[in-house]
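Okay, got some structures for you below.
There are two complexes below, and they share chain A, which is joined by chain B in the first and by chain C in the second.
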Partner chain A sequence: MDLALQLLATGLVVGSLYALCAIGWGLIYGTTLHFHVAHGAVFALAAYYAYVAQTWLRLPLAVAVLVAIVASAVSGLLIDLLLYQQLERRGAFRTSIFIASLGLLILLENVLAIVFTPDPMRMDIGALNTAVIIGPVFLTYLHILTVALALAGYGALMLFLKRSRWGQAIRAVSSAPEMARTVGIDLRRVHLLTYAVGSALAAPAGILVAMDVGAEPFRGTRFVLLASVGVIMGGIGSIPGAMLGGLFLGLLENLGIWKLPSEWQSAISFGVFLVFIVLRPRGFFGRTIHSAEI
Partner chain B sequence: MPKRLALLLSLALLVVAPVAAQQAPIKIGAILPLTGSGASYGVWMKGGTEMAAEEINAAGGIGGHKLEVIYEDHAADASKAVNAMRRLVEVEKIPFTLTSYSAPTLAIQPIGAQSRVVMMNGGGQSDNLANKDYLYNNIPVVSNEVGVLCDWLTKEKKFKAAVMIVANDEAGRNSAKSFRERFGAGGGKVLAEEQIALDGNDFRAQLAKLKAQGGDLLFISSYGRNVAIVADQARELGITIPMAATSWVQIPEVLKSKGAQGMLTTRLPFNPDSPFARKFKERYKTDAGFFAVQYYSGTRIFAAAAETAMKKAGGKLDGEGVKNAIESMKAFDTISGKLVFQPNHAAVMDIEVGVLKDGKVEVEKIIKAAQ
Partner chain C sequence: MLAYIAHYLVMVGIYTILATSLNLLVGYSGIFSLAHAAIYGIGAYASALAALQLGLGFWGGLLVAAVVGAFAAALVAIPSLRVAGDYYIVASFGLQVVILTVFINWTSLTNGHAGLPGIPRPRVFGLVVDDPFKYVVLSLALAALTYLVCRRLTASAFGRTLRAVREDEIAAAATGKNVVAVKIAITTISSALGALAGSLYAHYITYINPTSFSLDESIFITSLVILGGTERLAGPLVGSLILLAVPEALKFLAIPDTVAAPMRQILYGALLIVFMFVRPEGILGRARPRRAA
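Our next item is the complex of A and B:
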């Protein structure tokens, strides 16, 4: 039973990271219908922004993290402005945008590997690394911070979407783009905003992983893959769904090995996903997936 | 007179220089973990090889030919090693290559054997590397080390029940298999085993599972920096039982890691105060380690064998000649003593056992090699 509790706690931490990636990715996909795999590159970039800000610019950790989140938001915005919008202007298919995004992901990952080597760059996180013992469960302060930040990120995003004018514009574009256009909403500017917000949500996940085990260039691919799985499980267009999907995947990955050997970790996640999606293609609470949307 | 002498000398140089330049260099390969989780081994392996090549060239090369080493990175990936080997064999036409790690070396061995290119492995230790055509290991296979470790753990330290965390690759699995056998033979029992990815960095779930199994010892059958991560995360999860490992953990990341202190480990002989180690530190501004000596020696062994082979073949050099020379010479003088290739194409060495304290292994006992 102690083991199950430990796995539950670890799963919650990992799930929080997936959830942060998933709500950002889900917001972008739900609004723009871009299958934005370069989200993984933003995730990786965020880690290196934080690393550079702390180690090269010698900023205090909290400031370095804030700088990195802003830089990541700008990076996401620039990806839309300089790549996707150019492609759309020239009448590219969604598939072309997906392939371009994949190309950008591979390119940026390799540039990071050339500049920083493929080895993990460790950050100095001081006392955050201290172990916290809660009954039979061992965590670090960083892990607790991870769960807290995921909840805070989710709460802030929901508030932003429901209460702010720009948030409402994003929701309008997400649910009925043509209607939004006719009432005078500038789709391009809403897309840019969506990329900035979505990227700012992926950034803490990338930074938290880097704070735990170091910044690495190729880690984003796995996270963006799991984020998209989380979004599809949660239901496309649903932010609560993406949050739940991400948490569910983290818990599944960890609790799944309670009774099974750990080398099955990935197979369990994707196996459950396949069964789930066949039985419930709309996910927890989403729209139906149209093949044309990918 | 000085003017005329100078003129004569420069004329002489004009005549001699082209002759020296005509001696084509001898190219050999070195397929090493230059990046990835084992990059620390790569720094030593490449440094040792470079130092040997420079010394050989400063002393006139091999039979008048300069030695040129072509470095390739396998990053612990067998398919990268195969690509590198193909390039070295087909484009560079090498007679010999240094190689490292178990899975990459096993992957390139058939290519080497087929194209008659001698491979010298100074790092990989899977037992499956023994008895392979054209492959020589100037390092003992891991079962030798695990045997010594298990005898010490079961007979002297009285450990009874171990759990294992195992790198999911050739080296990790092979060493785990030896541990299971030898720990069992000493009266101990392996309660559970969890596999981890060599390039992973979060092993908490696997460690939590092992923690639930109890046991009085955690054997880490892995290598590279992930051992340091395992050790730190194990302590973070409240795993307090002692840890054990083989000489693979003798790299700075592990020796300095907080979690790894107190680890019971084997070591292969390395003297940090030797002239070689001092020279290495001066040149690379970092401490030398066992694997630096290994690849220095591997390169030296090649030079000695190539010299013999060329004498026999009237100045010609090919992989078959190098192989025959190694087979006939068998014993080579190295900076760490006489190295004798056993009939299984592997070396035997003294094996030390000790405890890691404050970043250094305090050796408790040395088990002499039976040559």
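Our next item is the complex of A and C:
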């Protein structure tokens, strides 16, 4: 039972990281319909931005993290501006955008691997590494911060989407792009904003993992694909769904190893995913996606 | 040097089979799969195990590989192709991860990271194919066979249905085509063919381990298709001839191994991006009417 509680807590922490990736990716996918796998590259970049800001520029940790989040938001925005929008201007198909995104993911990951070596680059996180022991559960302050930041990120995003004019513009484009254009919303600018916001949400996830176990170049691929699984499970177009989907995957992976050997961890999520899309293809709360819609 | 060229041609044959079969999905049906390396691996492991444990010959192994490969793909295709196309990207990635996990962790069957050594050379019509020169013939013959099968398939009524489904699913369904069944069928066929390449590879190298069948490999096969030209059956051959020569060319530049491997990946990534800008239809491809911007 103690083990189960520990796995539950770890699952919650890991799930928070997936959730941050998933709400950002889900926002971008729901709004632009781009299958943006390069989100994984933004996730990896964020970690190295923080690492560089702290160890090379000697900034205090909190400042380094803020700089890294802003830099990641700009990176995401530039990916849309310089890659996807240019392709769309040339009349590219959605598959072309996906392939270019995949190309960019591989390219950036390997550039990071050459510049920083494939080995994890550890960061100095000081007191955040202190252990917190709650009954049988062992965590660090960083883990608790992770869960708190995921909730804060989700809350901030929901508030932004519901209350601000720009947030409402994103929702308008997400639900009916043509209609949004008709009422005078500039789709390109909304897309740029969506990429900036979505990337700013992936950044904390990338940075938090790096703070825990070091920055690594190839971790993003796994995270972005799990994010897409979370988004589909939660329901495409639903931010609460993506949040739940991410948390669910983290818990599933960790509670799974309560009964199964840990090397099967990654197989569990995808196995459940396949069963899930048979039973409920639209996810927990999503709009129905018909075969021909996309 | 001659043996070297022979080895290169054997690999061109193997990758032409892989890319031609993947092209059925990516080029002709608009279904994007990230699991082709896993299918390749399933073919390799299935026929290696058939040879080592059941004592099956080359043809038997080929058949086992095709059946197991088709079955694995169908298992994923049936749930995920019922819904929108993007689901298959995620599901196929899942298949890739699960299959690789199986190769690594089901040690009693696959021997884990250590891999399976001692796979016998094929015996074809009473002749043991044991040197690279003979293997060139076998490899290119199977590649040619795959090409012919795919040509028959894509030129048939079924091939036209595929293209109709790719261009407009609703219109295809409206003319009475069972869109889902067509998509599942082509995924199964493509995987059966891709698994053949795995069988060929296992009997050629005589040793297999999980590292040959990773996600990077899936992406490499995709680059072959994109570079050569989607929707052109000769495209994969051109793609394989060019991209398989690249690592060999890099060997002549004195780059340390730790940098050479990522450099290759950077090149593939850059190629994918550049081709989407300059020539999305690939080197041999016919330009398709572009979507109005």
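To be clear about the criterion, the second predicted complex is superposed on the first by the 289 of 294 C-alpha atoms of A that agree within 3 Å, B and C clash if a C-alpha of one lies under 4 Å from a C-alpha of the other, contacts with A are read in each partner's own complex, and residues count from 1 in each chain.
Just so it is clear, contacts are C-beta pairs under 8 Å (C-beta built on N, C-alpha and C of every residue); 3 or more make two chains touch, one makes a residue touch a chain.
A quick note: this is a predicted structure, and the numbers were derived from the prediction, not measured.
Asks: Label the relationship between chain B and chain C on chain A in the superposed model as either fit or clash.
Replies: Here the two partners, once superposed via chain A, fit next to each other without clashing.
Asks: Of the partners chain B and chain C, which touch A:Leu225 in the superposed model: first, second, both, neither?
Replies: The answer is second: A:Leu225 touches chain C but not chain B.
Asks: Given the superposition on chain A, which partner contacts more residues in chain A: chain B or chain C?
Replies: Looking at chain B versus chain C, the one contacting more residues of chain A is C.
Asks: Going by the contact rule set out at the top, does A:Ile99 touch chain B (first), chain C (second), both, or neither?
Replies: second
Asks: After the fit on chain A, how big is the angle at chain A between chain B and chain C, using C-alpha centres and going to the nearest 10 degrees?
Replies: Once the structures are overlaid on A, chain A sees chain B and chain C at 60 degrees.
Asks: After lining up the shared chain so the two structures overlap, which partner does A:Thr140 touch, if you call chain B first and chain C second: first, second, both or neither?
Replies: First partner only.
Asks: State whether A:Pro60 touches chain B only (first), chain C only (second), both chains, or neither.
Replies: neither
Asks: Output check: A:Asp2 vs chain B and chain C. Expected answer is one of first, second, both, neither. What do you get?
Replies: After superposing on A, A:Asp2 lies in contact with chain B but is clear of chain C.
Asks: Between chain B (first) and chain C (second), which does A:Asn254 come into contact with in this model arrangement: first, second, both, or neither?
Replies: In the superposition, A:Asn254 contacts chain B only.
Asks: Where does A:Gly155 make contact in the superposed view: on chain B (first), on chain C (second), on both, or on neither?
Replies: After superposition on chain A, A:Gly155 lies in contact with neither partner.
Asks: After overlaying the two complexes, what is the shortest C-alpha distance between chain B and chain C, in Å?
Replies: In this superposition, no C-alpha atom of chain B lies closer than 5 Å to one of chain C.
Asks: Following superposition on chain A, which residues of chain A contact chain B and also contact chain C?
Replies: Common interface on chain A, chain B vs chain C: 117, 261, 263.
Asks: Considering only the defined contacts, which chain A positions touch chain B in the complex?
Replies: 2-3, 6-7, 10, 14, 117-120, 131, 133, 138, 140, 212-214, 216, 253-254, 257-258, 261-263, 265
Asks: Quick check: in the complex, which residue numbers of chain C touch chain A?
Replies: 26, 30, 32, 75-76, 79-80, 82-87, 89-91, 93-95, 97-98, 101-102, 104-105, 168-170, 173, 179-180, 215, 219, 222, 226, 258-259, 262-263, 265-266, 268-273, 275-277, 280, 290-293
Asks: Once bound in the complex, which stretches of chain A touch chain C?
Replies: 35, 83, 86-93, 95-100, 102-111, 113-114, 117, 221, 225, 228-229, 232, 261, 263-264, 266-267, 269-271, 273-275, 277-278, 281, 289-294
Asks: Report the residues of chain B in contact with chain A in the complex, numbered from low to high.
Replies: Interface residues on the chain B side: 35-36, 39, 75, 168, 194-196, 201-202, 204-206, 208-209, 211-212, 225, 229, 236-238.
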